[in-house]
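Chain naming follows the written order as A, B, C, D, E and F, and within any one chain the residues start at number 1.
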Amino acid sequence: MKRLDLIFGERELDELLKSLEKSDVPGYTVMKHATGRGPEREVSEDMEFTGLGANAHVIIFCDEETLSRVKNNIQPLLSFYGGVAFVSDATQL
Amino acid sequence: MNSSLILQNVLTPPVLFFFLGTIAVFVNSDLEIPSPLPKLFSLYLLLAIGFKGGLELQKSGFSGQVVPTVGAAIIMSLMIPLICFVILRLKLNVFNSAAIAAAYGSISAVTFITAESFLENQNIPFDGFMVAPLAIMESPAIIVGLLLVKFGLPKNRPASNKMRWRAILHEATLNGSAYLLLGSLVIGFLTAGYNPSAVEKMQPFTGKLFYGAECFFLLDMGIVAAQRLPSLIKSGSFLISFAVLMPLFNAIMGVFVARLLSLGPGNALLFVVLCASASYLAVPAAMRMTVPEAKSSYYISTTLGLTFPFNIVLGIPIYMGLVKTFIPTIS
Amino acid sequence: MNSSLILQNVLTPPVLFFFLGTIAVFVNSDLEIPSPLPKLFSLYLLLAIGFKGGLELQKSGFSGQVVPTVGAAIIMSLMIPLICFVILRLKLNVFNSAAIAAAYGSISAVTFITAESFLENQNIPFDGFMVAPLAIMESPAIIVGLLLVKFGLPKNRPASNKMRWRAILHEATLNGSAYLLLGSLVIGFLTAGYNPSAVEKMQPFTGKLFYGAECFFLLDMGIVAAQRLPSLIKSGSFLISFAVLMPLFNAIMGVFVARLLSLGPGNALLFVVLCASASYLAVPAAMRMTVPEAKSSYYISTTLGLTFPFNIVLGIPIYMGLVKTFIPTIS
Amino acid sequence: MKRLDLIFGERELDELLKSLEKSDVPGYTVMKHATGRGPEREVSEDMEFTGLGANAHVIIFCDEETLSRVKNNIQPLLSFYGGVAFVSDATQL
Amino acid sequence: MNSSLILQNVLTPPVLFFFLGTIAVFVNSDLEIPSPLPKLFSLYLLLAIGFKGGLELQKSGFSGQVVPTVGAAIIMSLMIPLICFVILRLKLNVFNSAAIAAAYGSISAVTFITAESFLENQNIPFDGFMVAPLAIMESPAIIVGLLLVKFGLPKNRPASNKMRWRAILHEATLNGSAYLLLGSLVIGFLTAGYNPSAVEKMQPFTGKLFYGAECFFLLDMGIVAAQRLPSLIKSGSFLISFAVLMPLFNAIMGVFVARLLSLGPGNALLFVVLCASASYLAVPAAMRMTVPEAKSSYYISTTLGLTFPFNIVLGIPIYMGLVKTFIPTIS
Amino acid sequence: MKRLDLIFGERELDELLKSLEKSDVPGYTVMKHATGRGPEREVSEDMEFTGLGANAHVIIFCDEETLSRVKNNIQPLLSFYGGVAFVSDATQL
């Protein structure tokens, strides 16, 4: 099994979750209100009030096949809006 | 004369709490108002402004100055972004120019209510229907901003962008803050018309509490604005000058339009403040969704980090001075 | 006649703000009231309802209609789940039937206060002691729900379930919302008895602010209720019909019990609303802990997504119509 | 060392932490207010107010021995209430 | 006589809500006030206390008892930590002793306002300027605490500690709660002086709402305090005795200083409460940053888990008894 | 690529982020309001109000070279204030 960590702007969350559903992920977990800095942008806590939104951190545990579907579906979103995606190994307990 | 107005403005609780927040950042105090409390106050203020505006609109009806003023406000929020865009393009790319232009064509509700408090403090009367132009000026500016991106660009933008037209109109008209403001205005209007006894029951929440909540919120705005300083400095002297001079220029335009509309001094100040203020709620939200290529630090730092404090502290009394000078009092 | 009552009900701020929230979801506005702000308003309302109820209970004492009304309320919250269970078992398994049944036996405090606002708006008097049955109806319904699971099932449930009996009673009586409501009621009672000067000092918080806070909360409830729509539709036509017809049926039962109790029209409406409303606070919390096999989307979508809006918008005026028809006015 | 990620309903948090303590974990970290979707249920933000509660995300860094104790102790909870558990490799910095 | 005072104190809403929170934990109810709502109330109370204090200070000026009282307060907040340190070193290491000592030299704003409510309830007059010593007592105690660490230790602490001196002074004077309290006091002072009409507009927020918000906050404090119980018990009988006896001792010292200052009974009680109460806001924050070696569970459990409830429930009426006995009434 | 998970007191966040910037990390993500228990301390939700602060969970995706710079820079902070740091493997999606 694989673990995918996605970090991107909260405001794109709905669109991204739709992509995940289209990729038939078995499930996902969302943690909002994340902040951070990437190569280009800094996202601070007060962004939530200005309407820009903070970041969302989404975790998906899935098999490799699903992962490649996810990859295809979310790549355009990440390249248009920004955000990062990293994969690690994981096994069910 | 203006300097005495400035001093009188500075010594009011809302401005003093704004300073308290600003200084907290400069002296590196750990005072913070954790998320989502600022959102609570922001939602509350929008709801209360809208509701009170609706009540007043019911009283005044749509006769007299209401319709021309709203019309003029729409025109200003279409024109100001165009002027800003031309200026900004001297130094910035299309994306950034359009996003900042949209922000300055739009409005800041908190600047507006600080101006109302200023007027109350100076015992200058104004009309509640001025909330109507406030509620309406976000959308046109956003649409102009996005049209500027659309037509200011060669067709090399990725395809994902094509289908975003509906999203644009959507963001322009239905973003949370504009929607709540306008919705509360309608509710206030209906309540005053059909259910006057409920107006009084709302009064402790939307009326009496307002001033204190405004102060609390400005404390947070002071913190947030001061935290923008580093990225404001990074954004360079062109944008820094823009963030002070553009509001002044827009204010001057506003004064002459207000004169054309024969607004009294109170309404005139509010109209001027709508022109001079810039959005940090609805516009950033819309730009993030539709023009992610624009650097958010640019439009947030200028509007929130400089234009907002400038307007709150110096702008309002300066604009009042302009109004007094250029608008003949009828009384 | 009812339709005029409905219109009068719809044009009050609480119901209008509820609609504002609902429409926000339908037009896909990004208006949201971020967690835990809804919890703040929910806690505030429970505290204020309880406190005010306690004050009134101190005034009225436990004589007259108080004890019979509370007794009848307990009986209703025991009986309603049984009836619901029988109906629900036609289509659903024991777990889901019991959980939904418990929700409908229990109450919704926000529906109750909307009914109070409706009565105030209609200038129909009612007694503060009606908060006592409100505070007491959560627990019996939860217990019946869990008894139904216990006895409705073959013994094939896993062992972890066996030892949960204490947890059940615990959840039924000490879940946060019931506890806060009841506790505030006791505090209001004691304060009015031993410290009358403090009553006035609480008034701006628990009294004056209440109506506005109710509106703010209903704005959120509108959003939440509308967001339930997709899962409501998924839950099928049986549950959708149940969520509208069951409250009506319970209301009719309530009207006759209120008549037996000789309640005045105001108290009668409140009693009927207690019968007709369904819980989305205490019961879901209790069911999640004790019957995780029940699908939470079922009991949340029906109570919050349909029964609640139905009661708020149409139910209350309809029930008032029923009360006016079937309960003879003494005055 | 191993890293264990547990995601489950916030309302079961106390019970689960007790299980972890019984398993002698060296420590744990809890992030509440997580939302998500699993094979059966969807958990949205408004659950926090309805009394159902959102999800909790618990991270435990421990050795394999501890991990197997944890596994034994939490399995009944996860199977009764639902929730997921995934293991990855990790080394102390 | 004291026992009647205690009963009168217990039957006020703030104390009753505190109990409601405490009992919620003991009976294992799931009532909780999720973060950051407690912070909202804590910020609100500090802002309101400060603002009201500033208004009163403008009225009273700096003449009469103001300066001597503030001076005495500073001396107490320097001396009390020294005495505490000597006692605590009997059993604890330098780090823990210094951190706890600083907490007891400092103050608890919520204990202070509960004492104010108690006085209002007893119709005993007191002066608004007593907020000045409240606002000033945090810093000296923190500095003494850190000096004790500095000089109480051999030089074997790691180097990272050396450069922390500026941080120490910074934490002592500019931590969020002290800063907000003092800043609001200054704003209240300026507003009353230069903008009296704004005072009335703040009144619904900072004045009228205060008592109810205090109750809500004490509900949370009850929960938090009761949750400290396990770690309080773990901290052992020495610290448990300390957390009850030290406030009593400090109160007795306070009574005699108040007598020297010729304070009236109301002001005297407030002064005594400042001496007897211990900080769980500013001091923990400062200690965490500068003396992380100190066990936070020690200073949090004693101050919040025992000294605070003791003062709120029993301490205030007991101190009032002491004041009545030892301070001659002039009237 | 590596994934670094840091968990430590919220009040030290500013200092720690400065260290990360000094180590030239390509980015980081911060999740505040985490609670937990370590070998010595328990951090509960009410800490946020007492002024002690809850925990922050910081995630950094970076290469091994950067990781070793980070290690050198944050070690003194972690040993003075407490907190944990764990490394796993990760690859960009």
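Everything that follows uses one rule, which is that a residue touches a chain if its C-beta (ideal position, glycine included) is under 8 Å from a C-beta of that chain, and two chains touch if they have at least 3 such contacts.
Just so it is clear, the structure is predicted and the values come from calculations on it, not from any experiment.
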item: Copies subunit D and subunit A - interface residue numbers shared by over half, same or different; value: different
item: Chain whose average C-alpha position is farthest from subunit E's own; value: A
item: Label of the chain whose CA centroid is most distant from the centroid of subunit B; value: D
item: Between subunit B and subunit A, distance of the C-alpha-averaged centres to the nearest whole Å; value: 33
item: Between subunit F and subunit A, distance of the C-alpha-averaged centres to the nearest whole Å; value: 20
item: Centre distance in Å when subunit A and subunit C are each reduced to the mean of their C-alpha atoms; value: 38
item: Contacts with two or more other chains, residues of subunit E listed in rising order; value: 30, 34-36, 39-40, 175-176, 204, 208-209, 285
item: Multi-partner residues of subunit D (at least 2 other chains); value: 11, 31, 33, 45, 48, 88-89
item: Subunit D partner contacts - residues on subunit C that touch it in the complex; value: 34-36, 38-39, 42, 158, 160-161, 175-177, 220, 223-224, 227, 231, 280-285, 288-289, 292, 295-297, 300, 304
item: Subunit D-facing residues of subunit A, complex; value: 1, 3, 26-33, 59, 61, 88-93
item: Parts of subunit C lying in touch with subunit E, wherever the complex brings them together; value: 35-36, 39-40, 43-44, 47, 51, 170, 174-176, 179-180, 183-184, 187, 190-191, 194-195, 197-198, 201-202, 204-206, 208-209, 285
item: Residue ranges of subunit A in contact with subunit B within the complex; value: 9, 11-12, 33, 40-42, 44-46, 48-54, 76-77, 79-82
item: Contact footprint of subunit D on subunit F as seen in their complex; value: 4-5, 7, 31, 33-39, 45, 55, 57, 67, 71, 84-89
